[in-house]
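Below, each structure is written out as structure tokens.
Paired with subunit B in one complex and with subunit C in the other, subunit A is shared by the two complexes that follow.
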Partner chain A sequence: MSTMESPVIPARHTSKGPAPATGANRRRRGVNREGLEAGKRSTRTILWILLAASLVLYGFPFLYLLFTSFKTPIDTIAVPPTILPKEWTLANYANALGRSGVPASFINSIQTAVISTALSLVLSIPAAYGITRYKTRSGRVFIMAALVTRMVPPVAIGIPLASMMASVGLADTPIALSIAHTTISLPLSIWLMSSFFEAVPQDLEEAATVDGCSRLGALWRVVIPVVSGGIAVTAIFAFLASWNEFLFALLMTAVRSQTTPVVIANFQTQFGLDWGSMTALAAVYSIPVILLTLLLQRKIVAGMTLGAVKG
Partner chain B sequence: MRIPDRRFALYLMTPAALFLAVFVAYPLFRLVADSFFKISPLVGGPRDFVGLDNYVRAFTSPDFMGAGWRTLAYTVMVVTLEFALGLGIALLFTTLGKKSQIWRTMFLYPLMIAPIVAGLLWKFLMIDNFGLLGSLLSQAGILQNPNQIGWLSNPDIVLFSVAIPDIWLTTSFMCLVLFAGLQNIPGDLIEAARLDGARAPALLFRIILPLLRPVIAVALVVRGIDAARAFDTILIQTNGGPQSASETMSLLIYRTMIRFGDPGLASAMGTIYLLAMLAIAFVAVTTIWRPGKDT
Partner chain C sequence: MSSRKTISKLAAIGGICTAVALVATGCGAGGPASSESGGSSINVLVEAGGHAELQPIADQCKKDTGVNVNFVELPYDGLFNRLSSEFSSGTVSFDVAALDSVWLPSFKDALQPIDELFTDEAKKDIFPSLVKEANVGGHFIGMPAWTNAEIVLYRKDLFEDSKNKADFKAKYGYELAAPTTWQQYQDISAFFTKDGMYGTDVKGGVETEYLAHVLQAGSPMVLDSNNNVIIDNAAHKQALDFYTSLAKDAPAGAAQVDWAAAQNLFNQGKTAMTRFWAHAYRQIPKDSPVYGKVGTAPMIGGSAGVAGVPGPWYLSVPKATKNTDAAKKFVKCAYDHNDLAIQSNLGLAARVSAFQKYQDQPGYESFKPLIQTLNAPATATRPATAKWQQIVDTVLVPMLQKAVAGGDSATLLADAKSKIQALLK
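Take a look at the complex of A and B:
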């Protein structure tokens, strides 16, 4: 992604092959080392073992969730618990997905996340462009205000928002929930998009306007295509923010527009402690976004570190 | 007929600004307004102006003060542990260089998991009787019996236990941000320090950490704000219990509003909470972060 020449991700610059030798010391400790990279073979082995151990600890919990989702009900709450299922079964999946309200909740989750993502992009792209391109005082005030909204605890505005939605007849609809989710993702989107626009050379639109394009036309036809990678990153973050959100969903939805996180939480009380079905549903809900992450990891890393490292 | 650039920029920002005004600023205004009323939870019920009474009740309530301290303790604990772990792993990735790249990808996955799922998963791992964690520790001989710790049932340690999923979920973020920061430290600098005979601890505390300071500050502030608002993971694990020992501010406000049906009091608590967050964030940003300075 050429638009993201930020100081953030030159992760690969540490390994441009053997660097100019800076002394005998370097040669003694190992040839490949540059900067912080460890040189000695024995040190590296120990570090690799440490890394492997921490990754096993880090990766294991979710694997255990997957294993549990294939266990029989008795195995699930066996004392002492076993890691692998004694007997593999898909019963939990059938049970969880067949429960009334579950398929509908998936549709609600997708609808809400898609509407919220679209709303975030439509609002944040022009705003971020206005902030970064024209550098006005109102722009600086606005981006600070947007950052402050990041601090607002959802629990503080959830109830007033819910009653506002009810008073315009939007209670318990995906639209209302996606608006609530956009209050979370919009400030983040503005921040991210501003960083991406910052990286676009100004000559680009100047050339376009000289050729007779209006400013809006230049934005639409010249700038937007250049930052399309950045827009994709922003879209992923907005989508995830909505997909995984729970508190607004809990406060603002009843039966009709319930999203899957609320359904997962309800398994606990409504149907007793059905751990098997709960883990199956959690797995089905999480796996698409985990796969998405692995596919798009470079973009996600870029987005995640962009705002923070630039400060 | 060309509108001036300044006005054009303003037009571009207007839709987003309007959205935030209507859906964030106005609900906040309603929250503050509600905090001066005694409100019946019933729809259309009475609504009496009581002045600062709700604030007096909040500050004199042991629940509220307790939740305040717990939120602070929770935030400090989560952010400290995440930072230590994240930095450790980021240093591991850096010292191992390019070959560790694929592992960095694997390390990302918890970031995408819903907090509610993470809370559920860790509850399942830590629950008494059939929880895997206690069972494994006792099989390893560390515990005498699997239920010795009572992760989620012992009021003395439950605040730590409910923090685990949060730490697990977001150490990746810390690690990523610190890793990116580490890549920006010029190799020559480290090389020069090594030639001068600096050993690993000196390298870390005298060179790496001071250079990473802006990055560290941002990461701590961003994560601190999030941790102070923690709700999902705690609700699903303990619902604030046992004996309110894991009830943080978001949970208390939620329960005051929904379970105890006292929106006026809940609004006063929410207002105090928001002001405290803004004050702390402001102090943090101006003293640690210092945007634009010493970067």
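Take a look at the complex of A and C:
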């Protein structure tokens, strides 16, 4: 910021009085303009450098994973490690995707994540709407209690949840795992949706009710379209929470419902770690999430903006 | 309006997806239901690496007994958590579990005795230390499925090189060959530590190798037969001092070296020798610079002779299964066809006769040293205490990491003793 502000200061001084349009003043204004532009350029450069650094920081692990998935077995364990493969191969992909149980695990992951996301939205939207619109004491207690559940380590509830699911005959089913995943994503979903509903002026709903809408009609026809970006953001978070979840999947799935994160972990065995196949499957597994994020990119940005203008 | 349309579309798509998912949820995508009561289909819970060992056996057992096997693969750490969770809940989703030997004492109360499978003939064909380990509390609760032990792997090409042979003899006064004493191992390690290469590795991240040295020095590991902690005795100190003495001829950062790191170093051609689990011989990648250049030798002996720590896995039947008959049929069948596991890419079995059947075939050069190590009188399994895994994770490995980083062995062993005593209280 200082690089931008310093050249501006002389310009403010010049505007205080009627300065004669001498050549010296014109030159000074020219210098000020150039200084301002130089300041903007340097700010932009710094921002680009920071952006590039962030990109490398976040992107490098994934790129390294991607490159490793194309390496030969000996290349994956090179000492010291290399970034690019010496020899490119698709054998890891063939091995990973040809492994028994992998296609089924993909289907299980999709089923589980879709159900969990739907459950999260179906439960969090009315809950958040009620909390933000009715502003009761119990609502405030409820939303704080929802936050507290995020503080409980998943491992502490994993085993009781697994036992509960088994006792109601849901052992080793995607619905059981979806319910377990919803316990992770629901509190965050309620909080997110609450902040999005808060950003919607009550006047909008009142106008809708004046036009003949019921309360639910106003919610469905007016409020939800306005917070659709927020819903997309919440859906993405809920989907990701389920898609990448490992511990509950480990404890609650067996033959029928094992999800891909567990299958990926299975490449590390007592006899060694198959880096190539593990990274290949991880790369393939990340594709749906990348596609989903790209598909909903505009909605996500809209949702973030909605939260930003709150109040 | 467009926003409303989008929402409606998304809601419709979401609804359809949810409906489809909910309908499909009834069966899942992986296969049949878990633990079908009274059927001839069983679920076998197994560590991911062990699946390959058991698959050919399961195929044969289906033909012989009609028992269909569904494998549930889990990663090693996850398997223990899963077993603990299901055993504590009293309901299990599997009918047979492949258990690491160190877990048997922890789960003994949840497992069915299978004494009838341990006939005299069977006991003769299973390595003595494994027969002993499978018996917990007076009953056999696990049938060995495969076993392993550390042997010595060395770079045959370097050992046979004429210049190396001549230089070694000139320096040490005896022929360069696979080591049979620890003094030779130290000499060879020092000899090959040059030009960016190391004679051996030192593994600070795992405990088994150190424990093998303890056995070779003539002491039981960590606990005596009455469960007294003896980790501060002379044999443990001697073993620890020797273990750390090799660090000067090993790559730096020994505290972080575990099995995977040591295997990588050897397969990359960075170390001339390694003490490693026998299965690693058949797992050297074909594009490794050492592929086809590796020799094998039995684990080296100390004052008590050759000794190793076996790494067996056992097939056990939980008490809570509803398919006891089919489960036991599979366990017996797995014993009967134990040699089929050798044809998997890991190539391990549990029966002596299975190893002997292949020991003279090309590609199985690791079997003779493995048999010798497993049959050695001083070879012993780890102490049968339910706290063993905790002792390893919280005491032994941290102690080794400090020792290879230069810690005083006597102080570390005394400290370890008090910590283990506290754990066992």
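Throughout what follows, the second predicted complex is superposed on the first by the 221 of 311 C-alpha atoms of A that agree within 3 Å, B and C clash if a C-alpha of one lies under 4 Å from a C-alpha of the other, contacts with A are read in each partner's own complex, and residues count from 1 in each chain.
Convention: a contact is a pair of C-beta atoms (placed from the backbone, for glycine too) under 8 Å apart; a residue touches a chain by one contact, two chains touch by 3 or more.
As the structure is a computational prediction, the values presented were derived from the model and not from experiment.
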| remark: Of the two partners subunit B and subunit C, more of subunit A gets touched by chain B
| After superposition on the shared chain, which partner residues are touched by A:I159: those of subunit B (first), subunit C (second), both, or neither? | both
| task | Could you tell me if A:A104 is touching subunit B, subunit C, both of them or neither one (first, second, both, neither)? | result | second
| request: Mind working out whether A:K40 is in touch with subunit B, subunit C, both or neither, as first, second, both or neither? | output: neither
| query | Which partner does A:D172 reach: the first (subunit B), the second (subunit C), both, or neither? | reply | second
| request: Applying the touch criterion given at the start, work out whether A:A254 contacts subunit B, subunit C, both or neither, answering first, second, both or neither. | output: second
| message | Which partner chains sit in contact with A:V79 here, subunit B, subunit C, both or neither? Use first/second/both/neither. | response | both
| message | Once chain A of both complexes is superposed, is A:V301 in touch with subunit B (first), subunit C (second), both, or neither? | response | first
| said: Quick check on the superposed pair: does A:W243 touch subunit B, subunit C, both, or neither? Answer first, second, both or neither. | reply: first
| task | Please indicate which partner A:S228 is in contact with in the superposed arrangement: first for subunit B, second for subunit C, both, or neither. | result | second
| note | Dual-contact residues of subunit A, meaning touching subunit B and subunit C, are 77-79, 159, 163, 265, 268
| message | Residue numbers of subunit A touching subunit C in their complex, please. | response | 72-75, 77-79, 101, 103-105, 107-108, 110-111, 114-115, 118, 121, 158-159, 162-163, 166-167, 171-175, 178, 221, 224-226, 228, 250-251, 254-258, 262-263, 265-273
| field | In the complex with subunit A, residue positions of subunit B that touch it | value | 5-6, 8-13, 15-17, 19-20, 23-24, 26-28, 30-31, 34, 88-89, 91-98, 100-101, 103-117, 120-122, 124-125, 129-132, 135, 139, 146, 168, 171, 173, 176-177, 179-191, 194-195, 208, 214-215, 217-219, 222, 225, 228-229, 231-232, 235-236, 249-250, 253-254, 257, 263, 266, 270-271, 273-274, 277-278, 281, 289, 291, 295
| query | Hey, which residues of subunit C end up touching subunit A in the complex? | reply | 3-4, 6-7, 10, 14, 17-18, 21-22, 24-34, 43, 45, 47-50, 70, 72-76, 78, 81-82, 84-86, 88-89, 91, 93-94, 100, 259-260, 263-265, 267-268, 270, 277, 279-280, 283, 285-289, 346
| field | Residue numbers on subunit A that touch subunit B, as the complex places them | value | 7-15, 19, 22-23, 25-26, 32, 34-38, 43-44, 47-48, 50-51, 54-55, 58-59, 61-62, 64-65, 68, 76-81, 83, 119, 122-124, 126-127, 129-131, 133-134, 136, 138-139, 142, 145-146, 148-157, 159-161, 163-164, 179-180, 182-183, 186-187, 190, 215, 240, 243-244, 246-247, 261, 264-265, 268, 275, 278-279, 282, 285-286, 289-290, 292-294, 297, 300-301, 304-305, 308-309, 311
